[in-house]
Amino acid sequence: MSNPSEILLDVNGLQKRYADGTLAVQEITLNVRAREFVSIVGPSGCGKTTLLKTICALLTPTKGSVKLHGTLITEPPPQMVLVFQDYARSLFPWLTVTGNVMFPLRKRKDITQEDKQQASQRAIEAVGLTKFAKHFPWQLSGGMQQRVAIARAVAFRPEILLLDEPFASVDALTRADLEDLTLALRDEFGITMLLVTHDIDEAVYLSDRVFVLSTPPSTVLEEIAIPLAQPRDQVSTRSEAGFLQLRNHIHGLIGKKKDDGMKSFILDQPLPRAVELESDPVS
Amino acid sequence: MQKKTSPINWSGFGFFLICVGFVEIFARLGWLTSYVPPPSQIFVALFQGLISGDISSQIGVTLSVYVRGLALASVLSIIIGILMGTYKPVFDALKIIVEFLRPVPSVAMIPLAILFFGLGATMRISVITYAAFWPLLINTIYGVRAIDPQALDVARNFGITGYEALWRVTLPSALASIATGFRVSATIALVVTITTELIAGNSGIGFYISQMEQANRLPPMYAAIILTGILGYLLNTLYFTLEHKIVFWTPAARERVT
Amino acid sequence: MDAGRAGTGNVAIMNKIFNRGNASGIVTVVVLLLLWQVIASIKQTVYVPPVSTIFVTFIHEWFSPTFGQQAVPSLYRMAVGYFFASVIGISIGIVIGSFKRIYQLLDPVLQFWRAIPATAIIPVGILLIGIGDQMKMVVICFGAMWPILINTADGARLVPTERLDTARIFGLTPIETLLRVIVPSAAPMIAAGMRTGLSIAFIMIVVSEMIGSTDGLGYYILQAQRTFAIPEMYGGIGLLAILGYLLNVLFVSVERRVLAWHYGQSTRPA
């Protein structure tokens, strides 16, 4: 396990420009320490998904670099897993929950079959879906499906988990459960978390640090430390004075930078699924 | 943000032309069997046939038979389809017949049709009608059945019932399905027209193809075959356009479909 | 839905619609058959023999060596042609669908071949290969291949990006991604294409046997008409109907089993 204060992920001057010239991400510099929970917040359309995909090496940056443990990343590294917002499209409908969770382990020759089964069982337990292990994803609710996606990521034993607005497509109650689940997973498995969200409250609740992005083409407006009490609790943390202060501060940051002067309360609405980017299928 | 791609597929067409070019070269070098003439000859034959009227007259015959068969099939299938879709007793009564007649390939009916109508336009029209009837029937039934019951409730709220409801609510809602069914039926109808002419025709493009094959006049034969493809493509494009214009409100029609 | 592309979404609903209330349906059929019998017996005409005659001829013809001589060759040719159509169609379709560039490049060529009615190719087949089993198999393969190929390509094309990305994240090689992600994702569309291909194969065998053959069901029916063996003709058509129905049932039951996971869903994923 890495040194607690070691920088695990180092993103430096990252820029992503598409083939048609659009600048999605202008310049992003941030870092994540081991076992940290870091959130990235920003207004809609600021290229958050693009950013995550570039960090994960699914997309190649136009400028800048991404380093994991000090090494440059060019291909999606096994220490990093990305959990998508749209779980329905990322899970495999022809596999059961267990099948889905075990899927990434198939390749690994260094673990025995038994260990693989154990790992997947443990992951399924950790997300609370043991009773549904033999179900198919489409038999489950949205929140449960997202858990399957998370379990699948966790079973792979990554060092860092990238989460792309993972709770945006579920209802508020489920969202609270999933938020706490993510925290619990971080504690239980020691996985570092990098979460992208438009929900400022969520970001403040979960994180040790928050990076606030501007409107597109995006840059980092500010890096904010969240010194709230650990362990976090939905009721008590959210009623701390510090909580309100921090969230209002971030609100102000993002609201100020809105180009067309629209109110920032729009941020709190669930976003429609953004039109997919470069790697879209031919339509 | 979507990548801007040119709407015209230059590389694809280029590749197509290159392929044709290769066939041309290979054929002239004698590398291909003598049964595959150079595309240039085929193209010339097509041109000549159209101008001289050899082929164009046959096109007229084929289309005439095609249109009549399709029209008859449409009328019958839409009427019966609406009846079956609206009235459960009718549906139950006819359902098994539909289930058993539907999978019978229309070509199997050709000998039967010859028996009754001899060789000629009527025989072909009957087979075409039989073939084109089923897809449109099924789609009409589906369209009528799948009507959002709320639509009818709203209509009733406004005092629209019975015959008027059928005309003003049921029919437009079912139109999307009917339009699709029509397109499928029309495609089938063309293929069946050509096939019937091939097997037992005395006129039409299919007959022309068979004649040319027997006379060993290959360029005109290939020309006619390609012509059927062109005809099919043009008609299909026509139907797609009509479908999207008539039923412009459905989600499917809102995206561009090739 | 055109002759090349078939969707499975409506099929489930249609099958539900068609599976209830059989009683009055059977009654209707029986009544019609009786009417036929009565009218045909009274008004003796060669063109429409009584149902009883047809029935007797049917039993006599098809529960005899004739089945082996006529029906089996047809089924055999169709099976071989369909098999190759599936193999070629699926393999090429997957490749085309997985690589946008290739799809773009080949699109006009595909559209060209697909637009030509498969039956129009039969005269070419006769010239190039002659009259025989091979010609029929080739022609069947050609005809059935297109819907399979195109539907497979569509299915491969429409695999959600998230799934492909997930495969990359978990370090799958391209081959693994192909076999473990693209093929299962495309399976429903492949099945739809194969079903259309099956009905086309069925049509092609009948037509090819009517145009250029010395045996087979298509030949049998046409010949029966020519020699005015009318009850035999009806019987042959009836057999075709039964075979067509059975093939369809067989296909659907296999499809249901293999794609159980797909039919369990109420909505298809994008």
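Every chain is named by a letter (A, B and C) in the order it is written, and numbering of its residues begins at 1.
Please note the rule applied: a residue touches a chain if its C-beta (ideal position, glycine included) is under 8 Å from a C-beta of that chain, and two chains touch if they have at least 3 such contacts.
Computed from a predicted structure; not experimentally measured.
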Most heavily contacting chain pair (counted by C-beta pairs in contact): B-C
Central subunit by CA centre of mass proxy: C
Chain of greatest Cα-centre distance to subunit C: A
Geometric centre distance via CA averages, subunit C-subunit A, whole Å: 47
Distance between the centres, which are taken as Cα means, of subunit C and subunit B, whole angstrom: 18
Centre-to-centre distance between subunit B and subunit A (centres being mean Cα positions), rounded to whole Å: 51
Touching two or more other chains - residue numbers and ranges from subunit C: 104
Interface hub residues of subunit A, defined as touching at least two other chains: 280
Contacting residues of subunit C [partner subunit B, same complex]: 1-3, 10, 13-14, 17-18, 20-29, 32, 47, 104-109, 111-112, 115-124, 126-128, 199, 202-203, 206-207, 210-211, 218, 221-222, 224-225, 230, 233-234, 236-237, 240-241, 244-245, 247-248
For the subunit A and subunit C complex, residues of the former touching the latter: 53, 56, 58, 76, 78, 80-82, 84, 86, 88-90, 92-95, 103-104, 106-107, 136, 138-139, 156, 276, 279-282
Residues of subunit B defined as touching subunit C within the complex: 9, 11-13, 15-16, 19, 33, 35-36, 88-89, 91-97, 99-101, 103-112, 114-116, 138, 141-142, 145-146, 180, 183-184, 187-188, 190-191, 194-195, 198-199, 206, 209-210, 212-213, 218, 221-222, 224-226, 228-230, 232-233, 236
Sites on subunit C touched by subunit A in the complex: 100, 103-104, 157-166, 168-172, 176, 180-181, 184-185, 187, 261-262, 264-265, 269-270
